[in-house]
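After the structure tokens below, expect a handful of questions from me.
Every chain is named by a letter (A, B and C) in the order it is written, and numbering of its residues begins at 1.
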Amino acid sequence: MAASLNPTASTHSVADRWFRGLTVAAAAFLVLLLLAILLQLGRAALGALQVFGPVLLTGRTWDPAGATFGILPFVYGTVLTSLLALLIAAPVALGVAVYLAELAPEGAKAPVTVAVELLAAVPSIVYGLWGVFVLVPWLRDTVQPQLQTWLGFLPVFSGASIGFGVLAASLVLAVMILPTLAAISRDVLLAIPRAQREAALALGATRFEMIRDAVLPQALPGIVGAMMLGLGRALGETMAVTMVIGNRADISLSWFAPAQTMASLLANEYAEATEELHLGALAFVGLSLFAVTLLLNLGARGLVRRVAGSAARSPGGAR
Amino acid sequence: MSLFRHRRLVDRLGRGLCGLATLLALVPLVSVLVWLVSHGARGLSFALFTELPKPFGEVGGGVGQALLGTGIMVGVALLLSMPLGILAGIALAEGGKSRFVQIVRFVADVLAGAPSIAVGVFVYTAVVMPMHGFSAFAGALALAVLMLPTITRSTEELLRLVPIHLREAGLALGLPAWRVTLSVTLKSALPGVATGIMLAVARAAGETAPLLFTAFGSQYWAWNLSEPMAALPLQIFTLASSPFEAWHQQAWAAALVLVTLVLLANLGARFVTRRARGGMAL
Amino acid sequence: MMELEPAIAGPVRPIGSRSTPAPLPFPPERPRSSAKMSTDDLRAWFGTQEVLKGVTLALAERQVTAIIGPSGCGKSTFLRCLNRMHETVPGARAQGRVWLGEQDIYTVDPVVTRRRVGMVFQKPTPFPFLSIRDNVLAGLTLNRERPKHAHAVVEQALQQVGLWDEVKDRLDRPGTSLSGGQQQRLCIARALAVAPEVLLMDEPCSALDPIATARIEELIHELAGRYTMVIVTHNMQQAARVAHVTAFFYMGQLVESGATEQLFTNPKDPRTEDYLTGRFG
């Protein structure tokens, strides 16, 4: 039996082989690009890593003038704002997804879908602008004082209310990742076979019971995957966060306090950095961010695919 | 009986909450749009599109150089990423289920999900540092890296939607495979592929982070790709970060322009896809 | 002609390799003068599943050959090996020889063969983005060949399939605006416009109503004197009406072939008789 799969290839014209080669080369270029990014960031970060070692990750002091670099405050700020954003956005997004997949009347489906897509299409900088001039004043003058009055005994709601800070950043992030969460969750819900729903309804379940007991448990891995993708987006989001988080390298318990994320650190300092160690430490931040989103993507796509069967499609949107 | 009423109540409540969540999700969109229109419209003027920013204290001025810069850099990014993205999309769509295809598809997804600021850092270390300076070319390159995976994946998915029998009909007529790919498969998918490219362009036009330390921004007219260049989102950032009321006003106006462009591209893309789908159904 | 089982399992040469032919179990049958195409121990696979198990068949020039057999027996696969469409399916492969005139088609660029051997599919496949006129010309224009008398080519091809009078006033409408039967005739015209020598048709009428079917059968009759044609059909009456020669396939093998009348009235193989009398599912 012939060894090669397609022993006839050799009779194809030169043009065909060239074209095929060209397309394959273009596809291979993407792989090379990913490798180049990882290598380049790694190389740029190497110097700082050699000098500081693990302290780069665990150090709490970031002082470019004193040549001391520890990125823990930024890791803290990034993780805190992203998780808070997820906490705020996930229930709302799940509600939207269930509404779109199961409940919406035909006439409402298209407009709501378009609106959610537009929410994703608004550029990050515009959310930043809105955050600075609409959200921050509202938080400062209305929301945070109220929270302090009623829940002030909680350390997270303590401190001066200046508006710029963790809470503002988390809310903006929540708005920005909501379309991603909602769109993927809806796709996952729609992928659950009809038969399952009908079986539940035939047993006398109400619509809500059917969703809760038959649809959601099956969709769960996919929804977790959607959340991981949303988290990945929140971790790397830059402009809107930079504009509302207050940019201070502190680790504070209070959600009213200014903080800084890894992405906003890069946005603030990279263009001005000149010292080799400083640049290296910043490149390390970029590399970490890239690596974490890569891992989240890897896990998330596996989960979503397990439910939805086909490749996970991430809707376009602001980063 | 009371158990049934309880269940019905829970059913109503659950459905109500989902509806409420949907309304809640739309609040930010409405708020953003209302503010853009109410604050941005006041700042709209002819000068906004045609003039350079004025130093603080002088009245008027515009963001003309930023509009031009965004146009140039997005255009160059498109020239770089579109041919590559379409070719790569063809390779993925025609490569069956091979391991190579799976790897490339995964890489494209990872790149599409990559934080844009990290792409900025990459271009900085790979282009800006060796060339000793910020440049529009570096900015365009960063945008191209962001657009490439999106164009690749959307092209692939749309090519896969073209019925196989059209491809076979082309081959059976004695057309070489590459011509069939371009003149039959890609041609059939063209409206959708164009839509995907349009969405990628819209997204790139709104990107700020990857331009911060590549194109850097500028207050002057710039045509030269080897010099720093302004971009609309960068300009909005500069205006919004200033302490001046008049500049804030201009930031809203510029944001209104940006969002109008981006949303028009999105709505246009939806319209084109819908028409293409309508036309494809036999 | 009875099925020829290779008696010796000799080394088999993969189709298309240009190296010196390895010795075959028996000398490759030279195309007889009356045969336009012929296959020689043709085998085909999808992945590891062998769906054609050594078919040797000659197709008489300017005659209609019908291929019949139960579903899944390999009729379409056989047809698609005759113009090298089979190998376009990922994982599919073929082995053996296919002669077109004096040429082994697996030794030349498939494009060359496909221009000489046209094909019409079960489902009408006009290009939706082309007008009726451009559909007819597609085989030429999509290849950047502008025929000198394009209009004459269009008219002649459409005349041949009896579509000219029906569509001559709306040549610029999309090809998909026609009825199913008209679309199928348009596809035949499109295949004829590149001037093939052989025309392969895979159940060309199965998506059509009886009137459109009758129209196509008539057309096959008319074209028979000019082209060598092969038609796959599930409709025995159709085979009897249009074909000079009929071949019966069963489970990837050619059971028997012969003059249509003889095969239908006096089959040599009991399996053929069982099939014709409806004794298989």
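Heads up, the rule we're going with is that contacts are C-beta pairs under 8 Å (C-beta built on N, C-alpha and C of every residue); 3 or more make two chains touch, one makes a residue touch a chain.
Nothing here was measured: the structure is a model prediction, and the numbers come from that model.
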Select the category (line, ring, star, complete, other) that matches the graph of chains linked by touching.
complete
Among all other chains, pick the one whose mean CA position is farthest from the mean CA position of chain A.
C
Which chain has its C-alpha centre closest to the mean of all protein C-alpha atoms shown?
B
Ranking chain pairs by contacts puts first A-B
Chain A and chain B, separation of their C-alpha mean positions in angstrom
17
Separation of chain A from chain C, taking each centre as the mean of its C-alpha atoms, in whole Å:
55
Can you check how far apart chain B and chain C are, centre to centre, with Cα atoms defining each centre and the answer in Å?
48
List, in ascending order, every residue of chain C touching at least 2 other chains.
91, 111
Quick check: what residues of chain A touch more than one other chain, meaning two or more?
12-13
Chain B residues counted as touching two or more neighbouring chains:
176-177
Per the contact definition, I'd like the list of chain C residues that touch chain B in the complex.
83, 85, 88, 90-91, 111-116, 118-119, 121, 123, 125, 127-129, 138-139, 142-143, 176, 187, 190-191, 194
Enumerate the contact residues on chain A facing chain B in the complex.
12-13, 15-16, 18-20, 22-31, 33-34, 36-37, 40-41, 43-44, 91-96, 98-100, 102-104, 112, 114-119, 121-130, 132-134, 175, 178, 182, 206-209, 211-212, 229, 232-233, 235-239, 243, 263, 266-267, 270-271, 282-283, 286-287, 289-290, 293-294, 296-298, 301, 311-314, 316-319
Considering the complex alone, what residue numbers of chain C touch chain A?
12, 14-18, 84, 87, 91, 93-95, 106-111
How about chain B: which of its residues touch chain A in the complex?
7-8, 10-11, 13-15, 17-22, 24-26, 28-29, 31-32, 35-36, 39, 83-85, 87-88, 90-92, 94-95, 100-101, 103-122, 124-126, 134, 145, 148-150, 152, 157, 176-178, 181, 199-200, 202-203, 205-209, 212-213, 216, 233, 236-237, 240-241, 248, 251-252, 255, 258-259, 262-263, 266-267, 270
List the residues on chain A that touch chain C in their complex, please.
1-2, 4-8, 10-13
